[in-house]
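As structure tokens, here come the structures.
Each of the next two complexes has chain A plus one other chain: chain B in the first, chain C in the second.
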Partner chain A sequence: MFEVSQINLSDGFVAGRMLGLVGLLLIMLASAYFIYMARKGKVPKIRRIAGIDAIDEAIGRAVEMGRPVMCSHGIAGLTEATTGPQTIAGLGVTAYVAKKCVDVSTRLMIPVRQPNVWPIAADIVETAYRMAGKPQEYKSSDIMFLSTDQFGFTSSYIGILMREKPGANIMVGAYWAESMQLATSGARAGCIQIAGTAAVAQIPYFVLASDYCLIGEEIYAASAYVSGEGEQIASLAGQDFGRLIAVGIMLLGALLNTAGIKMIIDLWRW
Partner chain B sequence: MSSLLKRIEIPIFLTIVCCLLQVVPYYFYWKPLDDFATREAQWMNLIVATATFIGLISLVQVHGANVQKRSKGWYFSVVTLVCAVSFAIIGLPLPEYGLGSLSYWYLFLYNNGQVALSQAQFSLLAFFMTSGVYRAFRARNLESGLVLGAGILTVCYNAPAIVATYPFFADIRGLLNDIPNLALNRAVTIGAALGAIILAVRTLLGIERGYLRGGGD
Partner chain C sequence: MVDTITLIGIYIAVFLTLGLFTILYKENVWFRIAEAIYLGLAVGYGIAFDLKYLRDQWNSPWSKEPMLMVGFALAILVGILWYARFNRSVFYLYRWPLAITVGTGIGMALKTVIFSQFLDQIRPQINLNLWLPNNPWQSLWNILVFLMVPSVLLYFWFTGSGHEWAPMKVVDKFARYTMMLGFGYMFGNAVLGRYSLFIGRAQFLLGITPNPPEAQPAFWVIAAVMLITLIGWDLYKRQKS
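Moving on, here comes the complex of A and B:
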């Protein structure tokens, strides 16, 4: 049998990570290709995502009710490998919400758990006000650092929801055990809620207690989706290419393994 | 000079360099590069630690204004500020004065204050989940009916008296958990991982700018 693990690699490459590297490069090349095509004017069509489309509706409702908008980018920082990207995705949504809120002159409140994310969130909101020509309306006290303690943050967030009664509560990012408490409290406060996370264990809670839910990868697509920029939207087609690779490897692996051929398993050791 | 420093290309360039410094050593080992990536991670920790002061400034800004204006519930803001300042002072790394994060008073306040309050908030989750389950377990359509069915089977599995009487509940729950639940779990996980990769590609190419001033120049 062909043993891929026996292939001699140069000393510099780390064993067991080569298949991942090949997959990563293929996905990156596919994305780069679709971005290149988008620059030439061929932007792929992507499906509508109800949760993202509902952001405008939620802000509009808050304006009609004369209530503020609450937007959270999750409770994680930027440095962790699995949760950092969720925070970045959440900040992308925050940027869109900030622009919309500035346009309609609605107060936007952003609760922050990680001090290192605070300057980024503040910069996003301040820039939105500056670009709209309303720098004097920006209030840094609306970007609120609550607590680094998970449940200190949660109780403070719930307190703000119950006191301020925002018209919309938008939560996109990494969440843990507090997801159910935040979403249920938002529902009690009468907010229209849009929640999304890639933390698999928390998705059911958001589905249960929110009006719209972004599931897993949808939060990463959100910032590209709301940007409306062809290049960003085109990059999502690269994600579909990666999905095809994943499905292909899974099917091939299942068939070969059933036939007693361990080639795919050996490839992972490459 | 100041307008040059405000250009968005600078943080994009720094992001790309820092990303590559973490990604390349994962696949390709070269000691000088690996050492530099480790050093970069240490710098990152230092920057994150420095940002703690920003949190404190924001806290004082928000709660100080509440106290100053005598806003609704301003006395809670006083408690918050007193606690924050007390912890900051008691936690100063001066063991010769009985201060520091291992001092008696710091541990006393931490264990009897913060830990107790945090656990109290966490324990409330049970009630939130119960009310959530009440809303979820309503068979309004086929999908919610399936959720109700799966939920009842799982509840039965978690009741020792029922499993002792009817052991097949354990098998059904195992079937539900190991096949449809695990398959969906992996599907969402793989999708999320691909989404994160594409976000990284956009960041590396400098077209994802949501985290940089909301994409504004």
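Moving on, here comes the complex of A and C:
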């Protein structure tokens, strides 16, 4: 929050917020540029991410075992500043998993916590079946709304893991305190597990109890990586541009500060 | 001595706690009962909460002026469009409230995210002083932070061929060690927190003050019933097979 005294009425700008505007515009312009280039056919290269490559292996294993696949996009909604993008990334992975499961005719179960995410998850899976020419195989009951209550959802997810014994349990999205229960229950149920979240406090549990883990921002890359869509990869390149700027400012700022030059620090007062 | 209603509440709480704990043994009927009660209650509570929220909203500013009433009615209409998903002929209409919700949410988030997720994260780093002659330990710590934070950021550099540059392999390795240190710390910290939760629940089951003492007999009775039925059922199934 800013104080009223910070507002300079003569020029209409708020002190200390200009840098935010410039940063936002720079990253948006970079993303727009990369998307424009991708549309012209110049798609940036994306590096390999082991956890995502393992999705095919996990589904293959479930098929061999004759067991279903469980895929969760996290427990957050779509609109929150930090968790919404994680849900969207999780839904991107869900779309890929759905396509793969339809190709090999394996049952896919999707547990849902947020009522407003349920229709999207259902749409994604139904589309995958339609695209593969198998709409009759789609079962909306496999897109399971469990509960909006965090641990109501968790207890039911654990129950399903233990009853259905899926061959693969893929969890990519925003998770909170339930991450450890879900990951350890999946391990007990004998699933091959791929888990990823950008919720920093929950990553250790996924690292510990999963076979493959997507750490932090890897989940945002996952959606672009599995879809292979040029525009999504280009958007990722825009984020990378912001990341490189941040690294540059951090290194330069600290070095200059050590030398007694406050030029970079003063930018934050702009 | 507590009244009968409270006593019933205590027995239900003990039953649900132990019922959910039985999943640690294996999936069983007690867990299923507890799970179903939990889910049913959560859904029922959620619906009641949402309806109350709607009523409270109507009772506060929205019912005061005609224009606001129209706004409220429009919001309800847009909300009803979510249910279009269940009708095959108009299912696409659910995408309107979805677009409004997501668009509004992201738009509102955007103005703060650039500060909270970007600039406010950079600020402590540029304030680092790498050379404090009177405090070498702090200098060492600052130098470590100076190297660790950018290396972890660079670890998540996904596009382009910059990541194939030889020095990046060293940066990647350093970033991995940094992250493992952080994860280790967070894991230890959270496990202690979970132990604390478990101890709190155990104190409830044992009726230790300030928990009601009636929970202890309830615990012994219900735990005995659950154990006998679970083990008995397993033995019966083993004999049968």
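Quick note on the criterion: the second predicted complex is superposed on the first by the 246 of 270 C-alpha atoms of A that agree within 3 Å, B and C clash if a C-alpha of one lies under 4 Å from a C-alpha of the other, contacts with A are read in each partner's own complex, and residues count from 1 in each chain.
The rule is simple: a contact is a pair of C-beta atoms (placed from the backbone, for glycine too) under 8 Å apart; a residue touches a chain by one contact, two chains touch by 3 or more.
Note that the structure is predicted; figures quoted are calculated from it, not measured.
When the two complexes are overlaid on their common chain A, residue A:L251 makes contact with chain C while staying clear of chain B. In the superposed model, A:V14 lies in contact with chain B only, and not with chain C. In the superposed model, A:R163 lies in contact with both chain B and chain C. Applying the stated contact rule after C-alpha superposition, one finds that A:D53 touches neither chain B nor chain C. Look at A:G152: by the touch rule set out above, it reaches both chain B and chain C.
Contacts of A:K45 after superposition: chain C is touched, whereas chain B is not reached. In the superposition on chain A, A:A89 makes contact with chain B only, not with chain C. Contacts of A:E137 after superposition: neither chain B nor chain C is touched.
When both complexes are aligned on chain A by C-alpha atoms, chain A residues 17, 20, 24, 79, 82, 115-116, 119-120, 123, 148-149, 151-152, 155, 163, 180, 200, 203, 205, 208, 215-218, 221, 236, 242-243, 246 touch chain B in the first and chain C in the second. Interface residues of chain A, counted against chain C in their complex, comprise 17, 19-20, 23-24, 44-47, 49, 78-82, 84, 115-116, 119-120, 122-123, 146-149, 151-152, 155-156, 158-159, 162-163, 180, 185, 200-201, 203-205, 207-208, 215-218, 221, 233, 236-237, 240, 242-244, 246-247, 249-258, 264-265, 268. Residues 20, 23, 26-27, 31-32, 34-35, 38-39, 41-43, 45-46, 82, 85, 94, 98, 101-102, 104-106, 108-110, 112-119, 121-123, 125-131, 142, 146, 149-150, 153-154, 156-161, 163-164, 179, 182-184, 186-187, 190, 194 of chain C are the ones touching chain A in the complex. Per the touch definition, chain B reaches chain A in the complex via residues 26-30, 44, 47-48, 51-56, 58-59, 61-62, 65, 72-73, 114, 117-119, 121-122, 124-125, 128-129, 131-132, 135-136, 185, 188-192, 194-203, 205, 207-208, 210-216.
Those residues of chain A whose C-beta lies close enough to touch chain B in the complex are 11-14, 17-18, 20-21, 24, 27-28, 31-32, 35, 77, 79, 82, 85-86, 88-89, 91-96, 98-99, 112, 114-116, 118-120, 123-125, 127-128, 130-131, 140-141, 143-145, 148-152, 154-155, 163, 177, 180-181, 184, 198, 200, 203, 205, 208-209, 215-221, 223-224, 227, 229, 231-232, 235-236, 238-239, 242-243, 246.
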